[in-house]
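Below are structures written as structure tokens.
Next come two complexes, and both contain chain A; in the first it sits with chain B, in the second with chain C.
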Partner chain A sequence: MTAYIIRRLFYAIPIAFGVSIVCFALVYIAPGDPLQTILPEDASEETILMVKKAYGFDKPIPVQYFIWLGKVLTGDFGLSIATGRPVTDEIFKALGNTILLAAGAVLVAFTLAFTLGTVAGYRIGSALDRAVTGIAVIGVSVPNYWLGIVLVIIFAVELNVLPATGMGPRGSDSFDILVWNDFRHVIMPIITLSLIPIGIITRTTRSAVAEVLNQDFVETLRAKGLLETEILIHVIKNALPQVLAVMGLQFGYLMGGSILVETIFTWPGSGFLLNKAILTRDLPVLQGTILVLAIIFVATNLVIDLLQTAVDPRLKRS
Partner chain B sequence: MSNGSSAPLVSVEDLNVKFVSRESTVNAVNDVNLTLDPGEVLCIIGESGSGKSVSMRALLRLLPERRTKITGALEVDGKDVLALKGKELSDFRGGLVSMIFQEPMTALDPVYSIGHQIAETVRRHEGCSMEKGLERALELLELVKVPSAERRLKAFPHELSGGLRQRAMIALALSCRPKLLLADEPTTALDATVQIQVLILLRKLQEEMGMGMIFVTHDLGVAAEIADRVAVMYAGRIVETGTVQEVLNSPRHPYTQGMLSSTVHGNMRGKDIEAIPGSPPDLRSLPTGCSFAPRCRIADDGCRAEVPAEVTLGPGRIARCFKLDETAAPKIREPMPA
Partner chain C sequence: MKLFKRLAAAVSVTAGLAVSGHAASAESVLRVAMTAGDIPIVIGQPDQGFEGYRFVGYNLYDTLVLWDLSQGETAADIKPGLATSWKIDPNDNKRWLITLREGVKWHDGCDFTPEDVVWNFERISKEDAPQFNVKQFGMIRNRTGSIEKVEVLGKNEIAIVTKDPDALFPYQLSYWFMISKCRLTELKNDYEAYANAPSGTGPYKFDSIVPQERLELVKNEEYWDKDRIPKHDRLVLIPMPEATTRAAALLSGQVDFIEAPSPDTIPRLESSGMEIVTASYPHNWSYQLNFVDGNFKHKAVRQAANYGLNRPEMKALLNGYMEEGYTNVPPSTPYHGTPSVKYEYNPEKATALLKEAGCYPCKIKLAISTSGSGQMQPLPMNELLKSQLDAVGFDIELKVMDWNALLDVGRPGREKNPDIDGINISRALQDPFSALIRHVYTKQHAPKGSNWGHYSNPKVDALIDEVYLAFDPKVRMEKLTTLHELMVEEATLLWVAHDVNPRALAPNLKGFVQAQSWFQDLTPIVVE
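Up next is the complex of A and B:
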């Protein structure tokens, strides 16, 4: 198993490399000049050249890439063009805020969806199954930003019991989720973000559990006299690899932060940061954020891969 | 045998199994009667869909409850099988009665090791720790002659060959010393050479442990090898029972006779094999009379009007046919090896 883990880690390195090239290149393919936003409209050729030199934009693109990569590897993503602050700080602050929501949504959505999906998978065709399938269809087809707006209208505007936006009066630096007054701010964003994962994971769990229950070995488990609870454990372990794959993807999406949801709730997370960077053509922020998110995605996939192999030994390829 | 009394280990009376759905009702098993003494091996022979596997599953209550209607009386070791509920039923399965399945490739859980799957059964029935269960699993794997058993304990099903997997399955079934072993075509999916090894092993273990065994097969050679008594099933009914010699050497039911003459045996090179014309009836709408009548050479209007009752030809020798006088003619054929 240890050898397998090391090998999978090595496989992840070229992927991360490829991702970094794509991140870097993407911004150059996109139209528009990043310096336009910080330079005055009547700037002279000299000034433009000077600023370009200061940001390193005068060198050939491959050279720029390696300089950028070298810095990135030491944790330096450069300075934000828009704010002048270090990109690394901005990214990790935003990411920290997004993790608050993502962790909440993972907790709510994964447990709820897994339970509902398992129950429905055990009773395919029953009224309960139809109800759960209904919830799942709503989850995947209702736009989450719409739900967010509806929640704001009901709970913030009409009932006035939950705050509509932001992270509270003390801001993001001293935000403490364990304090009720701060916790109130995450309730609606977490519910909104949970919607899609609930739908997708419920459906996957339901079909995976139903598929496992149709397999011959379940009859053997009954025939050898295991109790239903013991059989359930066997069924879940067999269904888990499929469900983990989908959970991994959903976790990745949640870490990326939803631009729409974070914008609705003015939540200063990674989606919010990305949105701002796109609008202001803040190249270093854009590159850095995309790269960090992509690496998180690769790492998540790696972890899921290893978990799947730990659960199902047939997946271990030599 | 174990209690010294002459009470049968298994007694099945008027067993009927129907699969009910909105569109149709499948009469899978019809008025089946059978008994099995402790330590005896009964072979149920029949083609696919004759109800032999369904009868087995009824004995272990493995059929899906919502869609199945079981009537009749099922008794194993004095226990009323149809009355068992919840934990009693789980104790019964794998404790008193256990089962070996046809497909060793799919009958074991792919994500647990062989050792774990045996040990958890031992733990479940004997209430011991997992460690004790694993020790027991090792003994069992050695008992069923799995080579390098210690290493195989940690192996997963996909790492073993079909023959080894079936041996592991047998070890699993024997793990709690059942009084009755149900074997549902346990050798059908195996290679011919492995088949005979597994068969000999099963017979040996059955004798050593004094278990009763019901062995389902469609292979007459297998039946001749392992059975004390034979029951032939057709369209959900037992059409003939008797000792293995009686049934295979002097069959009385036209179906059994047809089945035996359509089997390749002895020196048959150059001779045509006699096949039974037609195909088994649709279990959703059985013919009113004898189910075999449409394919029978000697059937007449009487056969098509009424289902023949069981006719006792001798002790434990029964056939369901109106024409037993005509089928009694001694057939000239070499005896099956028994």
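Up next is the complex of A and C:
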């Protein structure tokens, strides 16, 4: 197992390296200049050149890349062009806020979706199955930003029982999820974020469970006289690798933060940060955030692979 | 149902506690939702466009020359700030003699001195000065680039020497914020540290900042202008880029004052008792035109486009929240004058002009953005404009791009984009240079300046040269008025709208007067 983990970690290095090149290239290919937003619209060419030089943007792009990479390898992501703050601080603070939402959404979505999907898969064709399938279709079809706005209108504007935005009266610095007044701020964002994973995981679980139920060994288990609950445990165990793979992907997406959901709720997470960095062409923040998120994705996939292997040892052999 | 009742009860109790807690506190707090995506930087010259100037710049800091934002009847003009008076040296028309205000203190307790002005000039101009900051240099260079040197003449006297005679120079001083030499020196010129403890002379003092989330300022009881000591204790500035979110935050009581509610949310806000304030202000939603390469080089085509626009229809599209733009500056501007032509909707005349110019159908490509600072609602507005102009004989192609990409087209000028006939970048018209000169002066041809389409007219250039030499305000006003009238006659832009900058205020706010300016004074607001 240790050798397997080391091998997988080794594979992750070129992936992260490749991601860093791609994200660096992408932000340069995109139209717009990183200095555009910090300089006045009528800044002269002479001023632009001087500021470009100060930020090192006058150097060839490959040189800029290796300078950036060299710093990143020592843990220095540089300073944000827009705010002058260290990118490392910006990313990890935002990531911490996103994790709060992602953890909540994982808890809600994974539990609900796995339960609903299993029930639907087990009772395929029943009214319950149709109802669950309906929920899943809604989950994947309804845009979550629309749901977010609707929730805000109902619960914040009309009923005035939940706050519309932000992380509380003093912001994230004093946010404590165990305090009700702060907890109220995460309710609507978590529900909104859970929508898509609920849809996707429910559908996957349903089809995985239904597929396993049709396999011969289930008939054998029934013939041996096992209780339905015992059979269900076997079915779930066999369906789990497929479901885990999808859960892993969804977990990665949630950790990346949702630009739309975080913008609607003014939640200062990684999606909000990324959105701002895209709009202002804040290259150090963009590159740093994308790299960190990519590494999280790679790590998530690794963990999921290990979990799948633990659940189904045949995968390790293959 | 039982569960719902319990939940409702818990929520009511919590809300009750929150309300009683608020009532028990004597502090009055004004919470503002800005359109910005982040807190504007606080180290002097702010970012986030003029919203940064409005909420951070003029609240934390002062400039030598300030804007009079106390009334909303006429366009705001400059007034004394840290300088009490200024005049041109009778013996040298490049040397401004400035008297500084006495008894002003920085928020850190140090005295404001003439040496502070020299130090602030070096901060944005002298590369080897320890306080030099290249980003701040870039952000204010277009305003201070004309300064040759700053000299201390006495206890409260300085002289600023410009590179060329510039009668409009006091306007440029109104954008240059003075920061505390004491504080930055104490922090060893470390701007990252200074950003957590900025010190100015403005009506508010810095209290705390949570990056990306909120900036809290408290009133400066010792502010030198006693009439502008804030009438509330604390000002909280919250970045909230999404318009629907701002409206929801106001309706749910999370903020008291929001910037730019979208026109479709305004009826809902009004029905909830919110006050909607609007005022004409020096903003221009227009197109800068290419005078060299395409069909807009013909005056008749430019005039046809202006006659072909049905601006009342555009106003209806925005639920009435715009002022029809027939000229470069709104009519309330002192140098608006009485242009000889008014581009009221006249489709027949537009078509006739196109035929006369031999451009029918007349192909035009306009670069537009999907959003952006001051761009109002660019997509529906541009679609309507296209349909109106196509109807009179134009063949409009809209080249849609994001805001940064459009700025990339705008900055280098028409030479790099000869296929584009016009760019839809909204402009501030805060002062005569921004409003008029930069669009039409040959010396302002892009990329050096903002004359994107390289308009060039010896008559206009001569008039502008005279403006720069007109140190008598009355003479200067006459020349500026003539310049504006000439620009309108020449149809130097395609004018569409002046924004009226709606804001929504909670019913418990009293005393706000919306000035005809990009900047606003929050200090008179009483939070009841």
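In the analysis below, the second predicted complex is superposed on the first by the 304 of 318 C-alpha atoms of A that agree within 3 Å, B and C clash if a C-alpha of one lies under 4 Å from a C-alpha of the other, contacts with A are read in each partner's own complex, and residues count from 1 in each chain.
Going forward, a residue touches a chain if its C-beta (ideal position, glycine included) is under 8 Å from a C-beta of that chain, and two chains touch if they have at least 3 such contacts.
Computed from a predicted structure; not experimentally measured.
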Fit or clash between chain C and chain B when superposed on chain A: fit
Partner chain in contact with A:I5 - chain B first, chain C second, else both or neither: neither
Partner with the higher number of touched chain A residues, chain C or chain B: C
Which of chain B and chain C A:D173 touches, first, second, both or neither: second
C-alpha centroid angle, chain C to chain B via chain A, nearest 10°: 160
Touching partner for A:I124 - first (chain B), second (chain C), both, neither: neither
Contacts of A:L302 with chain B and chain C, given as first, second, both or neither: neither
Chain B versus chain C as contact partner of A:A103, first or second or both or neither: neither
Partner chain(s) touched by A:T47 [first = chain B, second = chain C, both, neither]: second
Which of chain B and chain C A:I135 touches, first, second, both or neither: neither
Closest approach of chain C to chain B (Cα atoms, Å): 36
Contact footprint of chain A on chain B as seen in their complex: 60, 62, 87, 90-95, 98-99, 101, 103, 106-112, 120-121, 124-125, 156, 158, 169, 172-173, 175-176
Chain B-touching residues of chain A, taken from the complex the two chains share: 215-217, 219-227, 230, 234, 237-238, 311-314
Of chain A, residues touching chain C in the complex: 31-33, 35-45, 47-48, 50-51, 54-55, 82-86, 89-90, 93-94, 149, 152-153, 156-157, 160-161, 163-167, 170-173, 180-181, 184, 263-266, 268, 272-273, 275-276, 279-281
Chain C - residues contacting chain A, complex: 8, 10-11, 14-15, 18, 37-38, 41, 43, 47, 134-135, 137-139, 141-142, 145, 191-192, 195, 210-214, 238-242, 244-245, 248-249, 251-254, 401-405, 407-408, 410-411, 425, 427, 438, 447-450
